[in-house]
């Protein structure tokens, strides 16, 4: 059976050439970077060069890059670290959006439980934050604004440079969860006035379990993981050398191929969107243009997301839905609710996300496969029956 | 997740999908907010469920439990059908992931609601026989 | 030149057969375990089986094992998580020892800064905690006792079952940093009344950047990394599947080979200790018997540790010293100071730590190589000159 | 860490190790608590450092900077020797890791202390010429 992996927003395959670069550190080069002897120094050098590569990729300096275990840790560290640091200065207010990743949302909620206060900016029906909303939300005691660069479900890209500029002008720190955006859109932390930025390797064909946090020079934040003097004394733990090397190689490659990939994926994406929109009572979620090149997110009324995904899996298509099936929660996607969809529609979403490895043939196959599945599920759906009756 | 092969079989090839135009009882449980709606139609002959059909809006487990539940009560007496527990449905499906247990409860409730409707149509108060019905939210949509 | 890696307490090589088990998850099996389709379910299964294997290795149940990014994260999570949880119950006191790893010590210090109180138990000149000391230190408001299973520098093994029993009797939670002990000594969290236990894969021939925290069923602690519902909702972040699989495989193997390794290493270790003790003004640090089978830690008066290590490296021997050379601190080892060594002696320590991969020939070579190096360094040491003069 | 090849060469093959029995000046700086002690011996002829030897207890950088510093002042006038900065020592060694910069400062101080001792033995107050001496702890043992 044909196999199409169309869930690159969840995770990506590890690129073979990235694995090649990692292999020495999974075999002979096993030294601890903190060790003084040659095999340790080799590992140290690999980590240092990786730090430089990541810095170059986002317009930072190596001393501003800290390796972590992934996007979630980076988000937690940035947000808790800054707010705990600023607490003594009387800053107790955080601004974020209603459709952040849970790594941000649940972190903010944890802080709120501690006594901090949060404002959730509206993301409007197109999934884009408005800068006026940010301006209105800023308070005297705002310590941090955290807004994701691109949304992980509907792929909408935020006007980060504009939002960060407002923060800079108001002397408020700005963090962005760029986990989905990095490697897909050009990012320069200097030009865009970004103070902290989270990324994770497995979203751009790097290994799982390795991420980074950019911390602008001069920004102070408390440590999340205390211990040894690794990562310039700010993040303890023996370095995941292979992971770090893989992250840097994958990111370097993603940046180098960004423009041609952008073009190819945008055209594939648009063709798929147009095709799927011909299905009765379907809708595209999120702005059509200000979105990641590889992201398609649709709702089909009268059907439920998981049943659609299972059916697609039976046809060899790996995709995902807004609803966090395995999370133990049956709530529909908080992202789709944030852009104003009613519950019953939010339950029926489909996210298809593409990478370099996908082809036009994949799009053909998906366009051929989805409509009959939708039809079948609708034919057995009492909800669809109702919708049809009401609209006769 | 990891559904059992049985679940996947009943999801991919659900038995008894459809409606019964002249049904003797119809039950609908769940709601769209909760993400699952099951609608069950039964035909009753001499106290035996001679035919049963369902329509379900919901996840794979919701569809599979509906399918299995209809299989389990088809040709059975109403009394036996009322004895069908969500546990029996789950067992017949070789188990369900913990987060999906509520789907089997929903299937059990759908049958009971259809039978209650049947009794009501017969002019019999269903409550002493079937018990009171809860809806989706009462058995914890979140678990 | 001969190459002898004798720093297995810093990190170990990744075992080739462990890498073999990881490889599918670094190539074709790249699915996200939270995904519903087949490739995701495969990854989920791999994580679940790994969790089971780790649980079996320490006498726990799978639901009590949480994967983390390493020993430091596990230590931070256990200690901060428990104390923040118990704060509202009026518990504000932590008991630990003076010679814990920095992942514990700096975490405790961070809590002290927040307003918690800490007692540091004496580890005596043999590097062993006394249970009377623990009893005396317990207070009404003690929330957690955290004592390492085996020390990372001098390898001394603590009477954990005894210490944990006291805690259990007093209704106080007990955490142990078992990073160095696991796989080297038999550990059963049930029998030993351990409530929380930290481990990290790269100390037993597993990959770097992956660890675990055992949390006894019923023990409540706050989350360190908020976000997605991974790790039973208690530790967010896309799972490092390859790392987790590697951790489990390496641990399983370490446990399976523990007894024969113990015998072999103990005999090698004792021969090395005896040989090095023939050097004038040398001493063994830590109890000779209650120590890890592969650990040798010596001091040689009149010389400084780093110079010794560099000299050994030039002869192909990878070893380490108590002083954290790269940490930016020139302080001598806090461990050696804790067992009562004066500063000038603590500066001259040498740790040699062995694994399965080492041989009797390695010991021969080290025994032949170390004495002339010591002699050379002493010949140019004004401190040695002084010592000799004073003792003439 | 990563020492330069020059540092490793001077560590492995230090120049001018030893003592001068009839030295004209001896200087010792640092202390064992700090982890570094340098002791320098100079022989002075007509205002020129005709010979110099050292003994050092300390890390690789401490030994290498001692060695390089003695090389740099051997055969130089006392005045030139006093002008030797820790930076010049570091440069001659192709750099030092940041945490080891203090070793080069120690080497500079060792020379100055030896020269001060020479002046003292000549009955000359060294302070106006050499400046006041600091010890290890004054230039931050921790950095």
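The first chain written gets the first letter, and so on, giving A, B, C and D; residue counts start at 1 in each chain.
Everything below uses one rule, namely that contacts are C-beta pairs under 8 Å (C-beta built on N, C-alpha and C of every residue); 3 or more make two chains touch, one makes a residue touch a chain.
Source: prediction; values computed, not measured.
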Between chain B and chain A, distance of the C-alpha-averaged centres to the nearest whole Å: 39
Mean-CA-position distance for chain C and chain B (Å): 55
Averaged-CA centre spacing for the pair chain D and chain B, given as whole angstrom: 89
Whole-Å separation of chain centres (CA-atom averages), chain A against chain C: 34
Touching two or more other chains - residue numbers and ranges from chain D: 1
Contacts with 2+ other chains: residues of chain C: 36, 44, 306, 310, 325-326, 328-329
Pairwise touch network: line, ring, star, complete, or other: other
Pairwise chain contacts under the document criterion: A-B, A-C, A-D, B-C, C-D
Complex contact set, residues of chain B against chain A: 1, 3, 8, 11-12, 14, 17-18, 28, 32-39, 54-60, 62-63, 97-99, 102, 141-143
Of chain A, residues touching chain D in the complex: 36, 41, 44-45
Chain C - residues contacting chain D, complex: 302-307, 310-311, 314, 323, 325-326, 328-332, 343-344, 347, 379-385
Touch list for chain D against partner chain A, complex: 1-2
Parts of chain A lying in touch with chain C, wherever the complex brings them together: 5, 7, 10-14, 16, 19, 22, 26-27, 30-32, 34-40, 44, 68-73, 75-76, 101-104, 106-107, 109-110, 200, 202, 207-210, 222-229, 233, 236-243, 306, 309-310, 312-313, 317-320, 324-329
